[in-house]
C-alpha cells in the first residue's frame, strides 16, 4: 500500500476520531467529554469528505458538531450536572462488557478486515448534493415525508416533556 | 421526476396512512387551539374515527393487486394489508382504552398530545408494515420508537413514568444503533436498500466473506429488532417500562409495537434471508442453515418470560414478562418458518389473538389499577364476587393467554406447534421448551385467577366502567371466544384475501 | 487510483461503534450516554457512506440513508434530552445508575 | 327336585335381605324368618339328597361372563358330595339358628345377627353347589365375609374387631393362593368347570410340575379356610364371635370348606403325588400341632377351636393319604359332634358367664341336660367305640396306614391320644370337682337351646353307621359311584384289625389319664409338665406363632409401608419440589439480573449479540 | 335426528347452565334443584342411547361430522388435509363411559347438597365439567378430544380450589400443574401426529399408523412411533395416575369437596384409561405391544405402592386416595396384559372403581358433614351411631377389596386372569397387593365403624336419611349388579375389545 495523501488524511482523521472516542471514555468531566466528541464528529465529517460525500459531511458538521453537541451541552448545563462522572465500580460487569465488546469486535473484524471489493468507478463527488437531491425527491419521497412527521413528533415531544408546567412553576 | 410521474402513482393505496396522518394533524391543531378547559378526552373519538376510516379505506383496498409506489418505498401487498388491519384494529381498541383512562394523577394536561403521538406511532407502524425499502422501514421504525418514547414518559410528574421513558430511550437508542449498524452492512453487501434487489443479490451471493458479513448483519438486525418485540436478549427493558408507563401505553407497547416489530422482522428476514444463500454453494438457504440461532433465542425468551413472571407481584410487570413469553412463542413460528406451510397465517392469527387477549387484560388492569391506585396483583382480589362479569371476562383473557382450548390463544399455539412438528427433523426441543413454558405460565396465570376467585376483597368500592372500556372488553371477550371456537372465521378470511402471501417479495 | 481501502473505513467504524457502545453502557451521566449512542449511529453512518462509494455497486443511496440517519439521530437526541429534563425535574439526578426504582 | 335346588341358597339370602332392609324393626321376630327360611332350605336339601340317591348328577349353567370368545358359566351342580354337604350345612345352620333364638336373647342387634347368619348360610350353600371353580371361589370369599361379619358381631369389642380382621386377612392370603391356582388351572385346561378340568388333567395337558404347583396353590386356599398350619391362628381368635357362630362356622361348615375343596379337586391332587404329600404332611402336622396347644388352653372355646384345627388336620391327612371317603366321612361326623360340643359349651357359658375353665367345675349336677350332651360330644370326638368319631377316625387311620406313610400314621395315633386327653380334661374341668364359679344360681338353658343339641347328639352317635367295617360302607360306595377312576381311591380302606384296637386303647388311655389328673386328682396337674416350664409356656403361647407373625410379617409390612411413605415424601415429593425449587430459583436469578440498571439491560442485550456473533464466527464455516 | 343426538347429549347440560345462570345468586334451593335437573337431560339421553343399543341399533348411526377448522392453506394438495372436524361418535366402550359419566354426575349433583356457598358458580362449573367429560368420551378426533379434555381441567381447578377443604388451593394447583403437564405431553403427541399426517381423526390415524399411509410431509419413523406411543402412555398415566405421577391426585382426593371427588375419582381419572385404550393401544398397537411389559411393571408398582401407603394413612380420604392409585395400578396391569381378559378386566376395573370410589367419597361427604373430620383416630364405633352408614361403608370397602358379588372382583379377577397368561411373574408379584388391599381397607373401615364409640361420633340419629339414600343405593345397586351379572357390562364392550385384539395381533 503506497502512502498517498488520502491515506495520510484518513489516518489522521481516524486517529482524531478514535482519540476523541477514547477521551470520551477516559475523561472525567462531562463537558470535556462532549468537547472530545466534537473532535470525533468533525473528523468523521472529514472521513465523509474522503468518501466523496460532501453533502453528508456538511450535514454532519452542522448537525452533529453543531446542533447536537450544543443541545447536549445545554442539557448538561440545564441539569446542573455533577462536574465529574465517576464511573460506578462494577468490576465484573465491566469486565464482562469488555469481553463482550472484544468478542463482538473480533467477530466483526474477521469479516471486514480484508473486505476489499474491487473499486468500481463512481461519480459520487460530482454534483454530490444534486445527486442526493434527485435521489431524495424521486425515490425517497415517502420516507422524507415520514421524516417530517418524525421531526414534528420530536418537536412536540420535546416540548411536552421539557416544558415547565405552569402550576409546577408556581410551586417551585 | 415531474409532477405527472408523481401523480401517476396509485396514491390511493396510501389512503389509510394519509387518513391517519391527517387525523394526527387535525388533532394536533385542535389541541393547540382549543381552550384549555376543553376536555381533551373528546379528541379520542376523533382519533377513533380516523382509525376507523383508515380501517375502512384499507378494507376497500383489500381487493387491490399489490401496489408498489416509488420503487417499493411503499408497497401495499397482502402482507401489508393483513398486518395493517391488525394494527388498526388494535389501535382502535387502545384508543378506546385511552379514552377511559383515568389515572389518579398525570395524564390530563397532555391528553391531546397523547392522542396524536399515538397516531403518529401508529403511522410509523403502518409504514413499517408496508414498505419494501430499508430506509423507509428504518424511518418508520424510528417514527414508532420516538413516538412511543414520548408516550411512555407522558405522565411527566410521575417518577416511574420518567424513569421508564429514560430507560426506554436509552435501550431504544442502543437497539437502533445496533440495527442500523447491521443494516449498513446489509447495504454494503448488496449495494442497495430495496429489499427486492437486495434479495436477488443475496440469493446469488457465493463469496464466503460476504456471506459472513451478511450473517453478522443478520444478527445485528435481529438483536436490534428484538428490542421492539421484547425478546431475548433485548427484553429487559420491558418490565420496567411497562411498570412505569401509563396503562394504555403499555397496551400499545405490548400490542402495536410488538406487532410492528414482528412485521419488520418478517419483512426483512423473509425478503432477504429466506432466499439468501446459506453457503458458498448456494445449496442451503441462510435461514434454513441458521435457524438454530433464532430458535435458541426463542427458547430463551420463552424461558425467561415465563420463569421470571412467576415472581412478579406487580400486574404490569407480570404482563411484561408474559408478553416477553408470547414474543418467544411467536419467535418459534419465525424460527421454524411455520414449517414452510404455516408461517403467515400462524403469525397473523397469533397476533390477532394476542391483540384481543392482551388488550382485554390491560383493559381490566387499567380499570382496577386506576381505581385503587396500585398495580399490585392483590387489586384483583375478590373481583369474582365484586363484579362477576368483569371477572369472567378477565378469566377468558387469562385462559386464552394460557392457551386453554376454546380460546384464540389455544388455536394460535396449536398453529405454531404444527409448524414446529411438520418438518423433519421436527423442532422438538423448541416445542418442548414452549410447552414447558406454557405449563410454567399456568402457575402465574392461574395465580391471578386465584386472586380473582378465591381471595376475599378488601375494598368494596363499586367498579365503574366507562363505555369505551366496556366496548373494548366486550369486543375482546367476544373475539377471544369466537375466534377460539370458530377460528376459521379468521383463517378463511386470511386465506381468501391474501392467499399464501405470494406477492410478498416479488417486485413489479 | 489507490485510495484508502474499504476495510480501513469499516474498521474505523467498528472501533467507533465499540467506543460508543462502551460509553453508552458505562457512563453514569445520561447526557453522555445519549451522546455515546449518537457516536454509535455515526459509526453506522461511516459504514453507509463507505459502502456507498466503495461497495459492491457504488450508489448514492448510502449517502441518502446516512442523511436520514443523521436526522433521526438528532431527533432522538432531542427527545432523549427532553425526557432527561423531565426526569431531572422530578429526581434531580442525571445519573442513569440511580434510576432504579423499578426492578426485579 | 334337583332342578329347583337353586332355591336352597336363595331362602337364606331372602332372610338376609328381609332382615337387613327391615332395619332392626323386627327385633327377635327376625329369628322366625331365619328359622323358617333355613328350614325350607333344609327340607329342600333333604329332598334333593333323596333324589340324588336315585338319579345321576344334575348340572345346569348359564353364560355369566364373556371374555372374548370364552364364555364363563354360572349355575349349579348336584353330585353326591355336595348333596351331602347341602344337608349338613342346612341342618347345622337350622339347628344353630334355633339355638341362637335362646342364646342371643336380649341382644340389641338380634335381627342383624340372623341376617348375618342368613348371609353366611347362603354363601356356604352357594359354595357347595358351585359347578365350577370360579363360582366356588366366588362363594368361598362370601363365606369369608359372612364369617368376618359374625366374628365381628360384637363390633365394640376390641378383640372381636381384631379377630374379625385377622380372620378375613389370613383367609384372604389363602384365597389369593386359590385364585392364582384357579387362574393357572384355567390357562392350563381352558376351563373352570370341574369335569373339563379333570378330563384335561387326565389327558396330561399340564406338566407334572405345573400340576403340583396348581394343586399346592389350591391347597393354600384350603389351608387358609380350614385353619391349617401355618394359617391356623385366626381360627382360635375367631372364638370372639358369639358361640353359635363358632358352632356353625368354625366347626361345622366354613372351616370344612377347605376340606371340601380338596375333596372336590381330589382328582387334581391325585395327579400329583408331591401335592398329595404336602396335603398329608400339612394335615398331619397341623393335627398334632393344634392338639398339643389344646392341651394347655384354659378358654373352653379355644380348646374346642384348637381341637377343630386338629380335627381338620386329620381330614387333610386323610385326603392326603388318598382317603377320600375317610376325609369326607370325618368331615360329616365332625360337623355334628363339634357343633354339638360348641353348642354345649355355649350352653355352659350361657349358664355361668365365663369361658375360663379354671372358673368352672362341678356343673354336672347343675346342668342336667348340657352335661350329658357335652359328654356325648366328648366321647364322639375322642373316638369312643361305636360313636361316630370312632368310625370316621378309624377310617383315617386305616387310610394313613394303607398309604404306607407310617410316620403320619404315628402322628395320627398320637393325636388321637392327645385328643381324648384334652377333651376329657375339658370335660372334667367343667363338670366335676367343686364349683369355682362366682355364679351361684346356675340355670339350665331353655329348651330352644337344648333341642338342637339333642338332635346333634343323636347324629353324633349314629352318623358313624353310614360307613362302618361291619354294617357296610354305604357312604363310600355312594360317593364313589361313577367316579371310581377319577377319585382313584377305595370306598373303604382296609387295614389290620389291630389298628382299630389300638385306636380304641389309645383314646381310652387318654380318657383315663385325664380322669386321673382332673377328676380323681390322683396325679398332680404338674405330673406331665410344670406350669412354668419352658415347654408349657411354649404351648400356652401357641408356639408363639402370632408373635412370630407379628414380628416378621407384620413388622415387615409396616416397615415397608413407612419406608415407602418416606419415598413418597422425599423422593417422589422431592423430585417435584426440586423441579419447582429450581424453576423458582431460575426465576430468582432472572429477576436478580433485573437490577433496574438500564445499562445492565443494554449490556446483557449486547452480550447476547456478542455471544451469537462469536458462536457464528466460530461455527459458521463461512470464513476459511 | 339421530345425527344430532350425540351433540345434543354432549351439550345438554347447557340447558342446566342457562337455567342456573338465570337464577339470582341467593336462591340456594332453586339453584341446587336446577343444578341437579341440569344433569338429568344427559342422563336420560344416555339411557335412551343405551336402550337403542340394546334394541339393536348400530351405534355408528349416531355419528356426526361437520367441518370445523382448517389449518394452513393447503387446498392445493388436498382439501381434507389439516382439517379438524367436529365429529362425535360412539362405540360400546364410549357408551359405557358415557353412562358412567351421566350417572355419577347426577348422583354427585345430589351429593352437592353439602356445598355451603356460591351455589351458582358451583353448579355452573359442575355442568361445564360434565360437558367436558361427555365430550371426551365421544370425541372422534384427537383435537376435539383434547379440547374437551382441557374443558374438564379448568372447571375442576376452580371447583377444587374454591369449594375444597383447608389446603384446597395447593391441591388445585397441584391438579392443574400435573394435569397441565400431562395434557401438554398429550398435545405434543396429538400435534406431531396432526402435523405429520394432516389428520386427527382417530380411525384415520389408526389406519395410517398400522397399515402405513402415504404422508405428504415428513414421515413418522418407527422410533418416533415408539416415542409417541410412550408419550401417550405417560400423558394418560399422569391422569390415571400411575406411580410416580400420582402425588397430585392424593392432594386432590384429600382436599376437593367430596361431591367433586366423586366426579374426579369416578370419571375424570378414567379418562386416563380411556385414553390409553383408545390412543395408546388403538393407534399404536405394534409399539404398545412392545411397551406392554413396562405398562404392567408400572401397574404392579402402583398397585403395591398405593396399597402400602394406604396402610399407614391416618386420614380416611388419604387411604382412599392411595387406594385409588392402587386400583388404577390394576387397570394398567390389565391393559398391559394384551389379551381379552386383561383388557376387559381393565375396563371393568375402570367402571367398577368409578362406581366404588364415587360411593366411598359420597360416604366421606356424609361423614364429614356429620362429624367434621375424616381422621381415623378421631373416629370409631360409627356402627352404633350410624349403622346404615356403616353398613354402606363396609359394603363399599368390601367392594373395593374385590369381594365376589361386587364389581371389583370381576375386574380384578379378569385382570389377573389375563396377566397370568402374559406376564406370570409380574402377576405373581401383583397378587400380594390383593392381600394388602384387604388389609388396608379393613383397617380403615374398621377403625371407623368398629371399636369403641368415640365421643366425637356419639350423637344418635346421624344416620343416612332422605335424599342421601339415592346415591348410596343407586351406586351400591350398580356395583352389585355388575358383580352378580357381569355380562351386563361385558356385552357392549365385546366389539371394541375384539377390534383391539385384532390390531394387537391376536392374543
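Letters are used for the chains, namely A, B, C, D and E, taken in the order the chains are written, and counting of residues starts over at 1 for each.
Keep in mind that, in the parts below, a contact is a pair of C-beta atoms (placed from the backbone, for glycine too) under 8 Å apart; a residue touches a chain by one contact, two chains touch by 3 or more.
These figures come from a predicted structure and were not determined experimentally.
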item: Both-way neighbours, i.e. chains that touch subunit D and touch subunit A; value: B, C
item: Smallest number of contact steps required from subunit D to reach subunit E; value: 1
item: Any chain that touches subunit C and subunit B; value: A, D
item: Most distant chain from subunit C by Cα centroid; value: D
item: Most central chain, judged by mean C-alpha position against the global CA mean; value: E
item: C-D against B-D, pair bridged by the larger set of C-beta contacts; value: B-D
item: Whole-Å separation of chain centres (CA-atom averages), subunit A against subunit C; value: 5
item: Interchain centroid distance [CA atoms averaged], subunit A/subunit E, Å; value: 69
item: For subunit B paired with subunit E, centre-to-centre distance based on mean C-alpha positions, whole Å; value: 43
item: Intercentroid distance (Cα basis), subunit B paired with subunit A, Å; value: 30
item: Numbers and ranges of subunit B residues touching at least 2 other chains; value: 135, 138-139, 142, 146, 149-150, 153, 156-157, 165-167, 170, 174, 178, 209, 212, 216, 239-240, 311
item: Subunit C: positions in contact with at least two other chains; value: 10, 20-21, 24-26, 33-34, 45, 50, 52, 55-59, 61, 64, 68, 72, 75-76, 79, 82-84, 86, 89, 96-97, 99-104
item: Residue numbers of subunit A (touch at least two other chains); value: 97, 101, 104, 107-108, 110-112, 114-115, 140, 143, 147, 150, 153-154, 157, 160-161, 168
item: Pairs of chains in contact (touch as defined earlier), listed by label; value: A-B, A-C, A-D, B-C, B-D, B-E, C-D, D-E
item: Subunit A-touching residues of subunit D, taken from the complex the two chains share; value: 600, 603, 606-607, 609-611, 613-614, 616-617, 623
item: Subunit D contact footprint on subunit E (complex, rising order); value: 243-244, 246-247, 305, 308-309, 311-312, 339-341, 344, 381, 383-384, 387-388, 391, 398, 403-405, 409-410, 413-414, 416-417, 420-421, 427-428, 431-432, 434-436, 438-439, 442-443, 446, 449-453, 485-487, 490-491, 494, 497-498, 501, 507
item: Interface residues, subunit A side, partner subunit D - complex; value: 93, 96-97, 99-101, 103-104, 106-108, 110-111
item: Residues of subunit C defined as touching subunit D within the complex; value: 21, 24-26, 33, 96-97, 99-104
item: Residues of subunit B defined as touching subunit A within the complex; value: 1, 6, 21, 24, 28, 69-71, 73-74, 109-110, 113, 116-117, 120, 123-124, 127, 131, 133, 135-136, 138-140, 142-143, 146-147, 149-150, 153-154, 156-157, 165, 209-210, 212-213, 216
